[in-house]
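Right after this note come the structures.
In the two assemblies presented below, chain A is common to both, partnered first by chain B and then by chain C.
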Partner chain A sequence: MTAALQPVIVGAGPAGVRAAQTLVAHGVRPVVIDEAPRWGGQIYRQPPPGFTRSKRTLYGFEAGRAEALHSAMTNILDRVDYRPETLVWSAEGGRLDVLSHGRMGTLPYGQLIVATGATDRVLPFPGWTLPGVYTLGAAQVALKYQGCAIGARVVIAGTGPLLYLVAYQYAKAGARVVAVLDTASFKDKALAAPAMLRQPAVFAKGVYYLGWLRAHGVPVHQGVRLVRATGGAQVTAMRWRAGAAEHEVACDAVAFGYALRSETQLADLLGCRFSYNALQRAALPERDGAGRSSVPGVYLAGDGAGIMGADAAEWAGERAALALLADAGKAVDAARAAELEAKLARTAAFRVGLERAFPFPQDWAASAPDELVICRCEEITAGQLRQCVQDTGAREMNRLKALTRVGMGRCQGRTCGVAAAEILAHACAAAPDAVGRLRGQAPIKPLPFAAMARANGEAA
Partner chain B sequence: MMERLSADVAIIGGGIMGSSAALFLRRMGLSVVLLERDLCGSRSSGVNFGGVRRQGRPASQLPLSQRAQGLWAQLPQLIGIDGEYLRSGHLKIARSEADLAALESYRERTQDFGMDLQILSARALRERCPWLGRAAVGASLCPDDGQANPRLVSPAFALAARRLGADVREQTRIDEAAHDGTAFVLRSGNALEVRATHLLNCAGAWAGTIAAQFGDAVPMESGHPEMAVTEPLPVFLNFSLGVEGGGVYARQVARGNCVIGGGRGYALDDQRARAQRSGIAALMQQTVDLLPALRNAHIIRTWSGTEGYLPDRQPVLGPSANTPGLIHAFGFAGGGFQLGPAVGAVLADLVQSGRTATPIEAFSVSRFSESPRVATTGPVPSAVV
Partner chain C sequence: MALLQRVAETGRTPVGFVLNGQALTALAGDTVLTAVLTHTAQLRHSEFSGEPRAGFCMMGACQDCWITTESGQRLRACGTFIEEGMRLVTGEEGHE
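This part shows the complex of A and B:
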């Protein structure tokens, strides 16, 4: 490795692993930093050592891809500087700030591939803070990582491809899925079918899950609106509306989410330029077809720079690594690079279909009751946000944050930011892109004082 | 199509200085246009530590600070909210006998200003503040000093001024400022022209450029005080804290979050600043020394801002030395939040009558033209709160 070529990859999911593999194949030894104890990312998260569930059980149809990704990393472990259980909490002056095993340190980089992934996109409903209510992603983590279900009688709610996958996984794992509540309608999906057929395998999987659920007697309700979860010490029932009628089902757990949102804080702290993406209803760091950000030497790959799914993340990781190598003067396979870009372009077209099949519930903000808690860290309700807009004329997210504390808690807006922006835009009759986005502020995740006391300066 | 406005007073800068001036001018019945490049109270005025203290200020600032103390007491009547203003008391910690002697000497020198400072021995301090670390050997308490939420208070001054009829224009950048012989003329691109008899330069860290345009060049630098906040914790910190000699300051808000500050951040560009790692590390270390209870807490957010500093760490407050009708108020060196309401009142006095009962001679802009080389008294963001 030359002094000029000193790549660091943040994230060991599909994008990060393929990026690492590509760099290694070109004789370059990257540092790979990951928050998780083992590689695979969220989608191919591995259980702790000693757990013996088969990949088929853990990943279903994706077992082959999971296996391929896991072994890709296994095969290069001796040629990468792999640092699991390491959080990047900020970046400044060509160095990452890291927190690893309770110690703070910094890590210099020459080039950076940001593959930070995604979390659930959360749109709250009354009762969402009751014990027993999880995001879809969290419900999956419980299953994949610990072999636990979130409950015995589970409601799966919201929308997005994950909805049916999680329902299927829970039912297969032996939980009773008492209802799948999809805010998207059957008509949405029918209209989206032509675009979705650009990736027939993915489309077929979706159809399979739905068919399987129906065949196994799992009630699937489409085109619904979530009314409320009820309970005391634990959620006991979920209520929803279909047309004019309200329905309720008893349950002991709810998993919900509305597709995914990108983890963009690191890109923001690195100074990457953002622009609004109407399809994903979010401001995203800009990247060219190869994954170059607006900051020289910083590359973006995978769901962290816009939701494209796991397969695309693998291609984007490889493509970004090729761009990094080419920019550093290394010879790369131009045909392979072009092929990857073509695959990514086809995926982008497919995503249009997917967003149509599982559309964002645009009426959510209008129907959110005033008493609905939007920011659970700071306990800020929709009504408080609306009152602030009315009293102060606030029209911008950072101002709303300053005046109400929304997004000021432990999650720093990672959970509540989407919902708060929707409430704000609706309250001031603005388009969702007109209210701005929360500024990234270090630390990306909370930083313990105890880590400072044991700081060792250089993590490298 | 250029929009044209005229007013008795044009104010550049919608921080707490400019906004409170707008409020007091409207109470006098003068017409006001306030021009803010970004959002009112969103820069230093809105992101500072939130200390509302007199203790520790040089004697020259205490009359102004005392006037502010009186105005803070009327905050809800002035701006319509309480702004989380709390007279918690300000406790200034000594970490050595020499520091304690300095606090005692300060108390002697400032006895005429009604702060009622109380010196606490190490033992008295342990009894009243069992949560303090071993480093504290004594302290000086100012019982009626306190704290407030700058994110709420500073924008509320602008809103209150607007409610009283001030024409507040946010996201309006002034590109040209001049005097054409009869009035000040300000332009924002081709969109807006404002003519006014009086001009108040309250542009914070960016005020030096405007001052220089009117012949009042000042050696102003930008500094970036650094701050951080913890998650909500059980309430234990019943004072706003500082330390003699500076370095760290802390307070706990009603919700339980501990706000801490100290050290310096860095500029991202002309307008934006951010906390930096070396500062965060030092701040965390000093905080745990001062407040061992925070050892198991987390920092959930850090921030900084852009603040103007003059070499003697005193503000410029008063009429231009060269341009009649122009009045400056800037360079508060990280200590302007408490003074803000009084600065607004003084500015209104000066516009109305050309005089003010509050002594401000020490803050004259002409001190720089008379003695161009003034000794620097410390590192840039030394005094914050």
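This part shows the complex of A and C:
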């Protein structure tokens, strides 16, 4: 039976590492592919060699979790085929196409655990392409991975739990946070409290960050709408609206985001069936409680298959690996599998509260001005998308993409996909689930010309 | 003006590189993005509007942070480490 096991794990974040650890514990040697130079994923991203800050400084309350995850991988490195700095750019028929250190290659797999993680969910505002405007995730990467703040006077904007965490981390690191602008209101959070208390420790952390920010004089404005960033060579001010009044604060950097979006392109290329998830306002690959996708041998774990957070990603990674083993005829601990599924179910209930506390601003598309750049790769505006809908009657995302090139640029819609779908749905007065989703297309990330030329040369 | 502000980890080994013909210093372990944006406010100019760009997601998803070497090679600045003697250009307004 073991001879048939040839598992590959894509992603070395919380889900991928726990999946690898579980396979190794059952005597199976997986290939672990990761784009980053070191394991940990985005949340527990490790700084490059030579950096000296402690895990306590880097990860705060999550230092224990980060340390546990990092050492879990360290302890199995001799029993996994670990391939860092390797990008999967296409997949089909039991084979992954990879790019590693400028060279293209293929990697066959018997089973696949897709643990591709998430990026910030972006709803742009005019001026978001100015130098100095970054995602919340980028602000964290700059600080944790490079010891840098994105600016000297930083605005933290958008919504989601990351908002307060980043503001706290920045202020604590000595950066000046000139404003926290949360589109969620205080009332949203109060109404969500009962559901949030399903995970009291997480709830307490959120309350702590907010209290700390207020105690340290960081201005926190809730229930606002972001109006625009202004500047020339770089951002110099951020404007927002609170009720009917507009306000402005001088700044040299803005970090923003509206919670996270799943990185689903690989699951899409693999042929996994998707369905619309109203809570996450996104089409997501379907998975059963154990992480099985609709495609036999393909398993989904972690935020890449729906945003559940880092703790749940660890459980989902372990659960998916157990499913993979069981499906291959290996004996697994059924009680542990059930326990993991119960934990994941509890997290799902908690996420309902989180969405209520930091709701998606459903009025965003209606208030987006025509001149707003939606696609920053090809600089396509909201007005161009609306004009296309009006002129052609386009009502579906891939049609809109073909007609306007939105989502066709270098990022393949990772950055603009959410916003473009919101603009489309609003423009044709459709529900957000009625406009379809951008289909993933290989290469899911751009390949350098040098690597392609070399591969062609080798093939000739 | 520099975009990124160093707030920690400043004791690393200096690394010399060249930006737009000017000799500058970064630190070992800096990404190209960090090396450049601790000195100036842009990595490239948009090929459409010609406006300056300085990256966006810093995790390899948005593909906004491309920068060009003097020999014309494109690097993804957030995912490439600075190396001694690298020669980079941010381009002129309206060009890449």
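The rule is short, and it goes like this: the second predicted complex is superposed on the first by the 450 of 460 C-alpha atoms of A that agree within 3 Å, B and C clash if a C-alpha of one lies under 4 Å from a C-alpha of the other, contacts with A are read in each partner's own complex, and residues count from 1 in each chain.
The rule we apply is simple: a contact is a pair of C-beta atoms (placed from the backbone, for glycine too) under 8 Å apart; a residue touches a chain by one contact, two chains touch by 3 or more.
Everything numeric here is computed off the predicted structure, so don't read it as measured data.
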### Task
See if chain A has more residues touched by chain B or by chain C, and give me that chain.
C
### Query
Does chain B (first) or chain C (second) touch A:186, or do both, or does neither?
neither
### Message
Using the superposition on chain A as set up above, list the residues of chain A that contact both chain B and chain C.
### Response
378, 409-410, 446, 448, 450
### Query
Given the complex with chain A, which residues does chain B contribute to the contact?
39, 42, 46, 151-152, 155, 159, 229, 231, 255, 266, 268, 274-277, 280-281, 284-285, 287-288, 294-303
### Task
Under the touch definition given earlier, write down the residues of chain A that touch chain C in their complex.
35, 42, 47-53, 57, 119-120, 129, 131-135, 137-138, 141-143, 145-152, 173-175, 233-234, 252-253, 263, 376-379, 409-411, 414-415, 445-446, 448, 450
### Task
Quick one: which bits of chain A touch chain B in the complex? Just the residue numbers, please.
90, 92, 95, 97, 104, 106, 271, 378, 392-393, 396, 398-399, 402-403, 405, 408-410, 412, 441-443, 446-450, 452-453, 455
### Task
State the interface residues of chain C toward chain A in the complex, per the touch definition above.
1, 3-13, 28-31, 34, 38, 41-42, 46, 48-49, 51-64, 66, 73-74, 78-79, 81
